[in-house]
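Some structures to go through are shown next.
Here subunit A shows up in two complexes: once beside subunit B, once beside subunit C.
Right, the complex of A and B next:
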């Protein structure tokens, strides 16, 4: 019963939480740049407007593929919040991303196609560490099941600080934060117009944004797993630490410039190898 | 559905400007003027834009670009001509390659004169355009328009 409530809460509230976080992110970014910034509810206004715009379909499949992206992300998130297999959640997360890539490469814009190939490159950069995180949880707790992980006596982060650092590093890609916002960016001027989303407008773009909000909450949920344990107060601490991590990602977004694709790939793999690999090695030897 | 004026995304195009007005447009994004407080984003993508902000008069080479950008924007949309060249052709009006103001090619909703137009004037013009944007959205929602 609790599982059902958690899944329903995720499905209903995740887009609202995601949009609010996006609003907070935009205000914090603006304050860091000594600007006033938009209103807190700006992402909601944006979504409302996008749904009310005239529909320009560049082809018949883009909207459908974006819907698939959204639905598959919802499935992945529901599985996480239902306490299912973490490895499966991460696989489904990657599947969802493939639909976004297909949506972007379905149209004829060269910018959009370039965005989709960059998105694939980004997947290549973050995927190894994502899998290592799942392996790390298995080695620490002896189970891939989220419901088992949250019932451990001590928080997983004590055994896997390297993996946490690595996951924070690669999540900047998932959050589409600078320096890793190669495929598409929240910021205005990009070398390839809007990259992945160049030919998405109105409803299509709105659905993509909602999917991103689901993804954001899902990723914060994985960060939550690092800190949570069997005590009740660890839930509050974990939530606070998730907020801190989100703030750090915003800070990083504002102090760094976009990197070239090679720097992205090499830096992510080096972090995976050093922070992730060494952490896994210690876990394998000591646990 | 949300009002389009609450989240106007802006596309800026330089039709043949001397860059004077362009710099003033970019000034609007700086901490001092900060147009993001109105929810305005400078997007650079016509598919996602609501306001087309053009500086400089139209010449024979930029004519088709202006037309294409305008046609790629989904309704409702407004056009703001920034600077005297964009309004009328300005000092370049008599040049052999200049068509004239933006309104010789596409319909313009708001004119912002000045050489260069001041950031305050640009922001005033954009805010005026927001009212036009809402009017157009209201027209879109009327039944006759839906049938069309």
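Right, the complex of A and C next:
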């Protein structure tokens, strides 16, 4: 029963939470740049406008691929919030991303195709660490099941600080934050126009945005798992720490410039190896 | 029953030498493949009707033993003759050495007699793979070879020879998986080595001959390992049973057999031969990669895997497998030749299977068997579709497959299913990866965990970029005529259906086929994944499968006005041309991303071979030195 409530809550509220976080992110970023920034609810207005637009597109398949992206992300998120297997969640998450890549490269658009190539590279960069995070949880708690992980007596982060640091590092890719916003960014003035989303407009783009909100909440959910334990107050602490992490990502976004793909790939892999690999090694030796 | 399984394809191989008419030969191939499949079905039904127990056959086989000895000598003479003709020394030495060793054992050593053949669940699975995938590849070949010789006028038409080899290969594979006596397995093992050598050299071009000898000496090295294992078993344990090798668990014979398995399954440092095998016509690649040859290697490793658990040999095998998994998948990124990508992906996937069998616990073997099944089906399908595409487009470059979905939609769909089967979530590869990762963590091998984490990321990269290339919509420059024949489509469709069915019926496959295999190998009754876990997983995965279809129909209902793509405002009418800086019309060309300078074979091949060779040599030295672990 609790599971059903969690899943429903995720399905219903995740886009709202995601959009609100996006609004907060834009305000904080603006303040960091000494601007006033948009209203908090600006993302909602944007979405509303996107949905009201005339339906144009470069082909007929992009919409359906984006919708698949959205629905599969929803499945992945629901599994996480239902307490299912973390590793499976991550696998399905990358399958979802595959649909986004297909959508972007579904037409011979140069910018969009470049964006999708870069998105593949980004996946290659962050994928090892996400798998290691799941392995870390398994070693720490003896289970891949999220429902077991949240019932541990002590928070997992005590056993896996390296993995947390690595995950914070690579999640900048998933949040599409600088320095790792190679495939597309929130700003349309880069060398590849809008990269991945160049050819998306109106409803198609709105669906993509909503999917990204779902993904954002899913990732914050994984961060939540690092801190939560069987006590009730750990839930509040974990939520606060998730907010702090989100703030740090925003900060990092504003203080760093976009890197080249090689820097992205190698830095992510090295961080994975050093922070993640060593952490896993210690866990294996100790547990 | 068993004589028929081996005999039918062997007789057919002779028939093709006599019947020279192309049309009649086609019908014989269809009938022969059908007969093999029917025979296998009858055989399995008979076995299951008999209670699905382990059957042992032929305790005393004086005559056949002598025939096999003659066969071994004949193979040696053949290799020596060909080596002299093409002036190669290494294969000759290796061949003579191992034949002498085996003959020595046969004539001098006193061994306890035992059954020579055995049927259990693993054998049954292998028979199904050989009969159905191998059979359909034979059917596909009929159509393919017609197209092949229209394209390659310079190659001498030696089709009768080619078909003989295909069927002989199937016969040898049946013999290999059914045998239980080491000398018998060795005999069939040698036949597969020699046939693959002959098939690779089909075109008789200089490159083909060179590559075929490379394949020959590497596989003969494995054969030498096999021969040494036979000698050691005969002298040390006075038994030539494969089951004895497992139950006694003596490290040195195990190491030698593992070496044989590693060479056959093209693991580093021996992966060169499988890459070189690409010069042969596509059906032979399909056969080598999916139903036969490399599967013989992993079959042997899976057979001995219970004995590999937690010892030095297992450690060596799993390390080499893990290393191969990651290195081959990285090298695959830099390839634009579709067959090369497939070859690297085969090597890399076999690496994962080998790593699983090297760990040698229930979970990993469960995963290994699943990987093997899915790999066999999707790789056979991919090779066939690439071969058909090559005949149609005249190229197998992935760059030329841009927009294949518009040009040759049917082949693109089949290729797409094959690619998805290799790595995407609704398909079983992923579940096996999931189980394997868990088992690697349980076994406490951090290096393997890292290998699988990085390796699956690189695997994802090269498949995704291929898939997106296929599905990219592009108005074709020129229309092409699909020259793929009906029998080719029949075979590919069969594979696609099997793939989808295996995905849908995953829990049942696990319960009826894979669990019994693991149970028989390990002799206990623990299920790796409980039925409820599997069922929920299957439902989840199928839902992922259903979503795109549902979304497709939902999105169809909304009307979209089509506009040209964004090209900085310099579009030239349709989406194919843009205005270049001279103000002229230029054709748009989009290329995939190959990261050649980072992941190219030039940079990674030598280091990975050196590392793997070092692991192997040091490992063998440690085993010989008797270091216990």
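Simple rule for what comes next: the second predicted complex is superposed on the first by the 286 of 287 C-alpha atoms of A that agree within 3 Å, B and C clash if a C-alpha of one lies under 4 Å from a C-alpha of the other, contacts with A are read in each partner's own complex, and residues count from 1 in each chain.
Quick note on the criterion: a contact is a pair of C-beta atoms (placed from the backbone, for glycine too) under 8 Å apart; a residue touches a chain by one contact, two chains touch by 3 or more.
Just so it is clear, the structure is predicted and the values come from calculations on it, not from any experiment.
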Return first, second, both or neither, reflecting whether A:46 touches subunit B, subunit C, both chains, or no partner chain.
first
Does subunit B (first) or subunit C (second) touch A:30, or do both, or does neither?
first
By residue count, which of the two partners contacts subunit A more extensively, subunit B or subunit C?
C
After superposition on the shared chain, which partner residues are touched by A:221: those of subunit B (first), subunit C (second), both, or neither?
neither
After lining up the shared chain so the two structures overlap, which partner does A:79 touch, if you call subunit B first and subunit C second: first, second, both or neither?
second
Footprint overlap on subunit A, where subunit B in one structure and subunit C in the other make contact
54-56, 193, 198-199
Under the stated contact criterion, what part of subunit C meets subunit A in this complex?
402-403, 424-426, 430, 433-434, 437-438, 441, 444, 446, 449-450, 452-454, 456-458, 460-461, 464-465, 467-469, 471-474, 537, 540, 543-544, 547-548, 551-552, 554-556, 558-567, 575-576, 588, 590, 592-593, 598
Which positions of subunit A touch subunit B when the two form their complex?
26, 30, 33-39, 42, 44-49, 51-56, 188-190, 193-194, 197-202, 205
Okay, in this complex, where on subunit A does subunit C touch?
54-61, 63-65, 67-68, 71-72, 75, 79, 87-88, 91-92, 94-95, 98-99, 101-102, 105-113, 116-117, 120-121, 123-125, 127-129, 131-132, 135, 138-139, 144, 193, 198-199, 203, 262, 269, 272-273, 277, 280-281, 284
In the complex, go through subunit B and note every residue touching subunit A.
1-4, 6-7, 29, 31, 34, 36-39, 41-45, 47-48, 50, 72, 74-76, 137, 140
